[in-house]
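I'd like to ask you about the structure that follows.
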Amino acid sequence: MNDAKTELGRKILKLKKGKGLKWTDVAARIGQSPVWTCALCMGQMSAEPHHARGIAELFGLDEEEEATLCEIPYRGAQPLPPTDPLIYRFYELILVYGTTWKEMIHEEFGDGIMSAIDYDMQLERQPDQKGDRVRITMSGKFLPYKRY
Amino acid sequence: MNDAKTELGRKILKLKKGKGLKWTDVAARIGQSPVWTCALCMGQMSAEPHHARGIAELFGLDEEEEATLCEIPYRGAQPLPPTDPLIYRFYELILVYGTTWKEMIHEEFGDGIMSAIDYDMQLERQPDQKGDRVRITMSGKFLPYKRY
Amino acid sequence: MNDAKTELGRKILKLKKGKGLKWTDVAARIGQSPVWTCALCMGQMSAEPHHARGIAELFGLDEEEEATLCEIPYRGAQPLPPTDPLIYRFYELILVYGTTWKEMIHEEFGDGIMSAIDYDMQLERQPDQKGDRVRITMSGKFLPYKRY
Amino acid sequence: MNDAKTELGRKILKLKKGKGLKWTDVAARIGQSPVWTCALCMGQMSAEPHHARGIAELFGLDEEEEATLCEIPYRGAQPLPPTDPLIYRFYELILVYGTTWKEMIHEEFGDGIMSAIDYDMQLERQPDQKGDRVRITMSGKFLPYKRY
Amino acid sequence: MNDAKTELGRKILKLKKGKGLKWTDVAARIGQSPVWTCALCMGQMSAEPHHARGIAELFGLDEEEEATLCEIPYRGAQPLPPTDPLIYRFYELILVYGTTWKEMIHEEFGDGIMSAIDYDMQLERQPDQKGDRVRITMSGKFLPYKRY
Amino acid sequence: MNDAKTELGRKILKLKKGKGLKWTDVAARIGQSPVWTCALCMGQMSAEPHHARGIAELFGLDEEEEATLCEIPYRGAQPLPPTDPLIYRFYELILVYGTTWKEMIHEEFGDGIMSAIDYDMQLERQPDQKGDRVRITMSGKFLPYKRY
Amino acid sequence: MNDAKTELGRKILKLKKGKGLKWTDVAARIGQSPVWTCALCMGQMSAEPHHARGIAELFGLDEEEEATLCEIPYRGAQPLPPTDPLIYRFYELILVYGTTWKEMIHEEFGDGIMSAIDYDMQLERQPDQKGDRVRITMSGKFLPYKRY
Amino acid sequence: MNDAKTELGRKILKLKKGKGLKWTDVAARIGQSPVWTCALCMGQMSAEPHHARGIAELFGLDEEEEATLCEIPYRGAQPLPPTDPLIYRFYELILVYGTTWKEMIHEEFGDGIMSAIDYDMQLERQPDQKGDRVRITMSGKFLPYKRY
Amino acid sequence: MNDAKTELGRKILKLKKGKGLKWTDVAARIGQSPVWTCALCMGQMSAEPHHARGIAELFGLDEEEEATLCEIPYRGAQPLPPTDPLIYRFYELILVYGTTWKEMIHEEFGDGIMSAIDYDMQLERQPDQKGDRVRITMSGKFLPYKRY
Amino acid sequence: MNDAKTELGRKILKLKKGKGLKWTDVAARIGQSPVWTCALCMGQMSAEPHHARGIAELFGLDEEEEATLCEIPYRGAQPLPPTDPLIYRFYELILVYGTTWKEMIHEEFGDGIMSAIDYDMQLERQPDQKGDRVRITMSGKFLPYKRY
């Protein structure tokens, strides 16, 4: 049911390349972070009207495409386990660090989880002499398990 | 083939609770970070002899258990998709953000991946008035795809 | 890693039957709801010390079993799709009503989810001339997707 | 074999949005509950002719689409495990509460199941200072296992 | 969680063979049909106390085994798709006749299902010159889908 | 490779509805049972020329469609486990009664299977005060395992 | 439920090796073919009492083991797809030749199948200058699909 | 990537039926066996130019189709486990006879496998009073496991 | 999302065959190795502009196709387990040699992995009297697991 | 059925570590290559008596363990997809290079495969200033597809 959003994502990728824009440029236009803006364009987030407006103007989208940006997606089109090596490495982190996250979050916060909804993320280049690094910072609200 | 390492992990969890220790305490003893130390104890990393020494002394492990800490594990005992909600949320992040990571890392670095081997991670409590947050910082070396 | 909690659950089921107790009786003893109390005993929740105390006294559990009730479980031991017909019917509800929940919650609340963590549930007999009914009331906090 | 019903569902979603209608409006038109009406429009229920009539008039559907509403669907187009976070939370509830439902329903009713056919459901907003909640009330006839 | 019931089933199979009994003999003893009696002994049904009594006396079971017969099972230990050819043929019938059942039951009864709970079955030898046949008669209550 | 037969099935369902025919009517026309006739039209059986003739005349099919009825299908287009509740109930019967069929057929006939090829089936309404029942009678030749 | 038969198979393999016997020797003793005899010992067939007798005498089995040979197995303990290269090649034949068998058997016999129950097989060494060959001859009764 | 070969296979099946040809006729035309010829036409083998020539002439194929016959396929389009009963029976043979093949081939030839590449097969009707039989003769080169 | 790259791959295969070129010819044109060049054309690598230029000129590709060669693919379109016998053999090597690679690489290098990113490969014909051999030489940078 | 061989493998790993031996040492003792020797000890190959002799003497194995080395294994105990990162990288190579192997081997040799049976492999350290590399050389006999 996300076909329209996914297809629009592909179109935006092409337009963005053609215009030589970066995600930071797109993000600046709508006053949101680059990660969220990219996720929105990839069809995994829903925009508020003024975000959709900004993106539509930037890329010359028509009214229906603008409306598509506001639609709430059926999230999660990724095939898992991922076949793409870049995406697979995140899957591998769960295999290796799953129990570590479990033990460390419970030690610090007690019984509950890190929200993937009240959640934000940053992605940066971390310069390093032995080779630059990808730095990802995740922040999710801790949600305690309710006892009732 | 990790049975010994997994079993040792369970034993360490009990001993750690009994002694009222935190992962920062264990980590301090061996001069490594809490995340890596926890992953080591959970059976997903291999220790150098002096790490194993420190942990064995702290918990009163015997020689065979000390050697077990040094063994290189068959990594990845996590069942996927995870059934535990805390671990599942990380899986969900791949479903939602997989394409975002793909597009943003390629935009910044070109063709390649973020290493999950030359990789480190931090986990902290991020105080917040609306409810404290879990903050995870990942850093992995960018590895460019070789063209040959 | 939940073996101890699952095993304890089986023991409690036997003891409860032997003593002719109902979940409402167990729940009353610890001042929590019957559903949560049952989920705790089945090994899917973590007790606070005074809950564990009450249950240990009621069933004559030893100290280690009492501690086991307080442990945070690796949740989700259910095989899915469920082979048991009673549990399968809930799985079938997702097949049939999944899109309905999606559309109705978004219509009412916008983009976000119903929390399964800040969540509570009740289960009652609903008398009915054509045959009594099972009535389940779920309540989960709405969590809006963060835009950042 | 549900392609026609699913496709019609997508069309109705668009028309409904365009007309600014809510599921309560659609439901009122045909004298059924909003949940069932939404499930019908999403292609998971079969209408009686007068329901189909009402919906066709409301949205200006043609005769074939009206007939499509009356067709009995091959139910269950949801991919499971769900990739969408909103729908996944219901799946997670089975993982966590499956055994609880099993034990509590058998305690109250004996051997049998809660019907997912002679079944109804309500979905409401439950105002709450700490954040409004989604309230879902399910009611299914208890069906005792026949001994013969 | 059915280990006790499954194990008891194996024991009963041996005892039954040793005593040269048939399922009709066992069924006669408790006044139920052979099919249900066999399913009960295989651990898939729950007995009422007097059924358990009769079977315990017939086979010389102890008190705990008698109680086990009364327990409500976590049903469905069959691996599917079945690897055993006899059981597989029933699976094949679903592959071949699934849509036929769907169309014929809806034509006759409207929207609903055949209950697998309010259900009974018979199995007989049907003499035939070209080779005797297995005759299975199933009867399940029709349950109409509720419109609400 | 069954696309033509499946597509024809959908067409026949529509024509049959338009003409107000029942499977008994179609079956009478070709002198076969309603179940087999329905299975044939659903694309799971192969017709002899005179059956195809009768059906083509009844529904006004063209020559290619008539030939399609005679083609031997790649059987088994049902997705398993079935997502449709009506079809799922038959799957559930295997989960619950698989071992019962195994034990009872071997007790009566020795080592072998019930054929799903030399097989026939009937489906009837069984009037019942507490609600009418679906009655299915299966008959399959017993095939003894060859010892050679 | 075949544990006893599988375990016995392993024991027979050891005894057979110790005694330096070949399957032809074992087969000769009971007057059956080597293939069937081997399949019987591997726990996939059921013996008649005199076969069990012969094998028990040959290998010095006790009474319970002799009875185990007569039990009808839950067939099919092979994991599929096979991980063992020798067994995998047969799986590969289905991938490559599945449609060929389908088309050629139907051309010759019409609609139906080759029985895997009324079935026998031979396995021989076929001397060949370029390297000896394994020759397998299968023979299964053709079973025509019943039209009823 | 075999779409062209598979599609051509369907076309050849129709042309062959229209011309009333048998696989032996097609095979005779190109001087190969009927099994290999059928497998070639079904898109699972690659022809040498003169084979392709013969088949193209026989069926009136165009140049591109003739070239398609010579292409090396991505083999193995069969869904496994097979849903079609005729093909499934071969799958069942692996379940039942997998270990038998393993033990008998190793007994006769030592460690190695039967090649599925240097392999040929015949399929014949074997007349039999109790019902004709399908006879399949497979011959594959024995390949010893290299010790190096 | 690789549709364009995969489709282009198929086109290049045809053009290459038509022009009678070998991968070494294509590789020579762009100054890269044949393996990498083939992988690039199959849609699994990303070209630098001058590579794309060379290939576009060689095959007469248009501007959009040239740009497609430079795009970074969503890698990994292979279905696994592979159904094609040639590709399957590599999968089988993992089944057989997985633990050997694990033990030998750790013995030589300590804890870490062989990179599949900083990786190159050669493929040659190795003449041999008993039949020529395929010789594949892989070289991947050893990446030590970071201890932090 | 490989339990004995796998268990022996674990024992040998411990003994080898205790004695400070390398695979080259073990291999030298039996006059085979280190890769094959390691695979043998890991339970994936079958030894000839003199190999088993040499290994038994080196490690002080008893007679039964010596015999176990000679047994032909049910190969392939690796879980796939691999969860261990080192082994996974080989799996990833199939995802990325599967079609490349297919095209290049067919270009060079025609229709056929690289044998995984008449196969050998070497593994070496390849010194490199930017970080040493793992070098793996595979050699498998080309087996042409038989046309018959």
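Residue numbering begins at 1 within each chain, and the chains themselves are lettered A, B, C, D, E, F, G, H, I and J in the order written.
The rule is simple: a contact is a pair of C-beta atoms (placed from the backbone, for glycine too) under 8 Å apart; a residue touches a chain by one contact, two chains touch by 3 or more.
The shown structure was predicted, so the numbers you read here are calculated from the model rather than taken from an experiment.
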Give me the set of chains touching subunit A intersected with the set touching subunit J. B, I
Any chance you could name the chains that touch subunit G and subunit J both? H, I
Moving only to chains each one touches, count the minimum steps from subunit E until you reach subunit H. 1
Selected interface, G-I versus A-B, where C-beta contact pairs are more numerous: A-B
Report the inter-chain centroid distance for subunit A and subunit D in whole angstrom, where each centroid is the mean of the CA atoms. 30
Rounded Å distance between subunit B and subunit D, as computed from the means of their C-alpha atoms: 42
Can you compute the centre-to-centre distance for subunit C and subunit G, using the mean CA position of each chain? Integer Å is fine. 49
Where subunit F touches two or more other chains at once, the residues are 35, 74-78, 81-85, 92, 95-96, 102, 106, 112-113, 115-117, 119, 143
Chains that touch, pairwise: A-B, A-C, A-D, A-I, A-J, B-C, B-D, B-I, B-J, C-D, C-E, C-F, D-E, D-F, E-F, E-G, E-H, F-G, F-H, G-H, G-I, G-J, H-I, H-J, I-J
Within their complex, state which residues of subunit I touch subunit G. 81, 83, 85, 88, 92, 95-96
Where on subunit I is subunit A touching in the complex? 1, 73-78, 116-117
Flag every residue of subunit G that touches subunit J in the complex, lowest number first. 10, 82-85
Show me the residue ranges of subunit G that touch subunit F in the complex, using the header's touch definition. 32-33, 35-36, 45-46, 48, 51, 72, 74, 102, 106, 110-113, 115, 117-120, 143-148
Subunit C residues touching subunit D - in the complex, by the definition given at the top: 9, 13, 22-23, 34-35, 38-39, 42, 44, 75-78, 80-82, 84-87, 89-109, 112-116, 119, 121, 123, 125-126, 128, 130-143
